[in-house]
Amino acid sequence: MSRIGVFLCHCGENIAGTVDPGKVVEAANRIPGVVHSVDYKYMCSDPGQNLIREAMRDKRLTGVVVAACSPRMHEPTFRRVCAESGLNPFLCEMANVREHCSWVHEKSELTTAKAIDLVRIMVEKAKRNRPLFPIKVPVTKTALVLGGGIAGIQASLDIANAGYKVLLVERDPSIGGHMAQLSETFPTLDCSQCILTPRMVEVAQHPNITLHTYSELESVDGFIGNFKVKIRKKARGIDEKLCTGCGVCAQKCPLKKIPSEFNAAMGMRTAIYTPFPQAVPNKPVIDKKRCTYYLKGKCKACEKACPAEAIRFDQPDEIIEVETGAIVCTTGFEVLSTEFFPEYGYGKPKDIITGLQFERLASASGPTLGAIRRPSDGKEPETVVFIACAGSRDPAKGIEYCSKICCMYTAKHAMLYKHKVHQGNAYVFYMDIRAGGKMYEEFVRRAIEEDGVKYIRGRVSRVYEQDGKLIVKGADTLLGAQPVEIEADLVVLATAMVANSGAEELAKKIHVSYDSYHFLAEAHPKLRPVETNTAGIFLAGACQAPRDIPETVAQASAAASKVAALFSADELSREPVIAVVHRTAPPIFSICEGCFMCEQACPFQAIEREEIKTRDGKLIKVVAKVNPGVCQGCGTCVALCRAKAIDLQGFTNEQVYAEVMAV
Amino acid sequence: MAEFEPKIVAFVCNWCTYAGADLTGTSRIKYAHNVRMIRLPCTGRIDFMLLLKAFARGADGVIVSGCHPGDCHYTAGNYHARRRWILFRQLLDFLGFDIRRLHFAWVSAAEGAKWAETVNSVVEEVRRLGPFQNYQQLARAGIE
Amino acid sequence: MDQLRKKARELLESGAVKTVIGYGQGSGKAVRAVFIRQPEQTEKLILDERCRQNLAVYLLKPEVKNLGKPAVVARLPVLRSILQLAAESQLADGQMVILGISPDGQLLDFASLKAVADYVSAQSLELPPPEREQLEQIEKKSPAERWNFWQEEFSRCVKCYACRASCPLCYCSRCAVECNQPQWISSASHARGNLEWHLVRAMHLAGRCVNCGDCARACPVGIPLNLLTRKLGEEVFKDFGLRAGTTPELKYALATFRPEDQEDFIR
Amino acid sequence: MAQAKLLKNDSLKGLFAKLKASGRRILAPRGKPERILFEEVSSPEGMASKYIQTTLSAKSAVFPRCEELFQYRFEGKDVKIEDRQLDPPPTVIFGLRPCDASSFAVLNAVFSWDYQDAFFKSRLKNTAVIGISCRESDQYCFCTSVGGGPGDTKGSDILLTRQDSGDYLAEILTAKGQELVSLAPELFAPAPSAEKGKFLAQVPAHFEVKELSQKLPRLFDSGIWVEQSLRCLGCGACAFVCPTCVCFDIQDEADREAGSRLRCWDSCGFSLFTLHTSGHNPRSVQSQRWRQRLMHKFSYFPERLEVLGCVGCGRCARSCPADMNLLEHLQAIMEAP
């Protein structure tokens, strides 16, 4: 038989001003199961809390109902009071007679009557409360970081420096990502590689970081603290242990006209290649789709040349299985290629390039060693037109969002061009200038005022080739949409930043959702920006939305700190408000029939399948099982279950039903 | 005789509507006292049988409220709930049940005022409809 | 029919199945479910217009399972029931041989549930006009008339649960009405208990019912129960584009959603 | 005391009027041929005439399908029980078939076995039966195999037999019957002949029920139960249409203010019927429940209460969604080794 204590708080005049405390206490005393009922001016004050402690001891209470403010306000307080006095905190409930009663109704009999109802409702619930205990889940203190761009590098280093193991997986032959391709970075114009490469080296040498380049994620199973991950280490075609990275193989490779991915096709590479001089690891890979040996079965020039005899044509892919406690997804982005734009000739005109390609031209380590030369004839362009928002903010093209970084890098490009070609003309066509950020607006101003970049507000309707020139047709909306036509030598499109082509597939692999643009979705747009709806999986950088470098790094560190917090304990402890599947004695075992509709409905993949077997191992039936580590306690499965085989701890069918019947 | 005071039971989710109703309180917006609120973690947890039980218990009207689409604390609970409501309403209507007594609302944690308006308008409509005799008469019918 | 008998005989002779669940002569003009286990008994199989009972209901019965692997005579509703049961992990490929029967009484051979699904989706699952009319007749009544109509119908209900027992998809070993902690549904057959029962039953079959009509055929006091599940079946199709019993993969309308689901009734 | 009178068909109207006038409730068969139920009427108009048997029996007149035993109120922390003083309306059941009429004796045997059930008793006491013997029967009827017959008078207070003329030969059988007649003596003319045999249906006797009762215990472990019940769906239709099935379930229905205790029909065909809280179920499969049903009616009943638990009305078979034909199964049991 329950022994419930009811404690009514006056909250000064806040409650007592409109609700008659005497009547409520008296009525509470008449509710079956209530053995004690008092009121006090401030129940949350020390004397108030003591009233509860004493009653708990003297009246041997089995449950406590505090009628006061909203549980969102003081539930933790009063649950703590119970816990301190040896009562399971989950046997304490709050009746919200302030926010939901005294503050929203005038002083009257009816208001007091409502307060009494609210108390009764919670008493009926409390009578059916059961002690609950936080759920403990063991944690594997190793993090998996997907993607070796600046986000992945930063996250890996932060986690590793916190003292935890990290597995960094990169799809390409080297880490570095897009940042390694950049020339200089806005708004400071410091050399991208100068600030990045030390970090890349640090990753390679860090004792806590295991690096898997040229590798891809196969599958992820398990749940927070306990993920089981399969990684495919693609065959490089060389023995990494023997290879010294001398580069002779590449020199000997007869195929020298393969467009270099790293140089965004502004330069060429060989079939066996290291993507760029500072690559980490500095070991080549063989491009099996192009290598003559793989295509025709002969050549082996590299094998002959290799002083370390490290070439392995028959090397197979390797599948690595690892257990990790958390996953940080930093898989980055792609930019639209010029082929995307009919109005700019579908990428046919050689001298229409993307911003990323311009980065390679402007980069000291680029194919032109930093000299701005146009692709078609290598001539230094006298007039360059930069087109901002190429694709972005364009519903017609399906990219409604602002790619965010283009305004800044376009200003930077124009600036870099002017610095290298002083007498040249730089035009920028733009819609709006979005330069929110530290020193950003000033940076754009500099481009206009100090470097004389000509900004024209308007969209470019068409660009076409005419005897060695590119005719750029647009309008200047600030001059009443007056037509503008510019004869340019080079046109640079600030093409939109878009989600990786594989983003959707990846999202499904790691069970996180993605938005309509296929960017990965955070758990909450404001309050949980680096978490996903799958516990233990975090996001950083441009895989989530267009970001610039400072934001990406900040996010990476944020995600890393989440991981570090998760790893700081040997077990993670979770609120026990989770679903449980009914179990009973043989021959039924469970009234769950195993229709697994709950499995389909669960937003968190928390429903597992459990086989019930006889002693001699004969399968009796397969029933649902809730993974306590994953369940978030929404109760969708509970409402869905026809046989009522699933229930939600803390909000059980019995409790809620009793509440309704007490109304 | 005194004016009929409808009994309204509200099933609300913890993260949006319950918090929204808290805001109504902190903003001291007054509304009809007739509503009794039952707090659940998510609209996804709200079994349609609970709504039936509220009417069986003598409710003249029922409000079900939770996070706006896309705002669900559990990402999708309210989408699942919405599908259930769609069918449940159609079934009730097909049975001739007076669905003007069953109201659904999205009330976010920021919409304290909307909660007050919702309650007030539901109370007024149900007051106009009068006691839910159809259902209350069921209580004894068929018992000999 | 001869096709069927021949096939059934082969299956039993070859030992491919241990029992054939089909229709045989019943009392007087009636037919009934039969469980043929001897090849020579296959002559007892009947196939005609009277053979309407949804035999899928027997596939989950323990004592029928004890007979060994079954073959089941399956017209469209039975095929759909089997698919839905498979979607709900109650049946799987290879657990039974399906003796499909086309509308014109031809024997259909199915290699797999996938094949059944392909066949079913090729059929028109639109409601036949008379069935649609039945719904419309009720829909066009006023709410008050509808209420009175159903109250009158339900008043005859004695809670014998023949509707539940005859339904292949009511396979819960502990039905919601038997759950008494708490007692969600009054098990008494008074007005409220009857309303609660039929309402909950319909909701629990929403998006699962294949409209075989057995619940109504089984009802000893002739309540047109199938109208409730049929109504919801049509709504599920109209609102969510799903039809139960068309695929062995689980596509449960109430376990999935579209962000753009209609919500004009939500304020 | 039985005496025969003649009741003209067109006197029924007058009789009903008199019965009503005396404050009696009249239950008579109404409805479409495929679904005829006993409903309260005030005149014979619209009464069903051509039917073999009603869909539901008339047992709910004495054993309602949902009957309140008492109410209780929560007053503060105590519960106040309000006993129910049942005073059922005097009732005349008109047009009951002889098989059904004889079923009241079976119910009575149970309700006054070890405990005198006040509710049942008072309802029975206030109920008079004007039966109508059967001119027609169908394949499901087997009253003659279980000690009844199409013109059997057991259980009727007055038994009417329709003659070819359409008028009724009325056998006044009991004091209750006499009392009804005395309400309208003018309507009951002397009968030229008490001979009714030629107006009755021919219902062949199919088995010797004593043999059956003796044989059943031996068959407890026979495989015949599984064989017969393979197609049984486990619903309660047979029990709920049955005039003699008497099992009930006690339900408390309460909210925070008050509650009431109800007695509701139940069926041994349900798996829940014998389910233990532990999850163990002594009758876990349908064959065991089917066996129980037959054993109870044809073995335990006669053994313990000296009545047979079946009157051969055939309703269970007519209403079974799976065509479980009781007569056929009983015959099979008689032939079983």
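Which chain is which? They are A, B, C and D, in the order written, and residues in each are numbered from 1.
We adopt the following convention: contacts are C-beta pairs under 8 Å (C-beta built on N, C-alpha and C of every residue); 3 or more make two chains touch, one makes a residue touch a chain.
None of the values given here were measured: they were computed from a predicted structure.
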| item | value |
| --- | --- |
| Pair exhibiting more inter-chain C-beta contacts, A-D or B-D | A-D |
| Computed distance of Cα centres, chain D from chain A, in Å | 71 |
| Whole-Å separation of chain centres (CA-atom averages), chain A against chain C | 45 |
| Distance from chain B to chain A - Cα centre to Cα centre, in angstrom | 36 |
| Residues of chain D engaged with two or more neighbouring chains | 66, 255, 262 |
| Set of chain A residues in contact with two or more other chains | 588, 601, 640, 653, 657, 661 |
| For chain C, residues contacting two or more additional chains | 173, 176, 184, 188-190, 193, 254-256 |
| Arrangement of touching chains [line / ring / star / complete / other] | complete |
| Chain C residues within the chain A interface of the complex | 88-90, 171-176, 179, 181-182, 184, 204, 250, 252, 254-256 |
| Parts of chain D lying in touch with chain C, wherever the complex brings them together | 34-35, 37, 55-56, 65-66, 138-140, 226, 229-231, 233-237, 239-241, 249, 251, 253, 262, 264-265, 267, 270-272, 285-287, 317, 319, 321-323, 325, 328 |
| Touching residues on chain A, where the partner in the complex is chain C | 588, 591, 593-598, 600-601, 622, 640, 642-645, 653-654, 657-658 |
| Contacting residues of chain D [partner chain A, same complex] | 74, 76-77, 255-256, 278-281, 284 |
| Residues of chain A touching chain D in the complex | 30-32, 120, 124, 584-589, 661-662 |
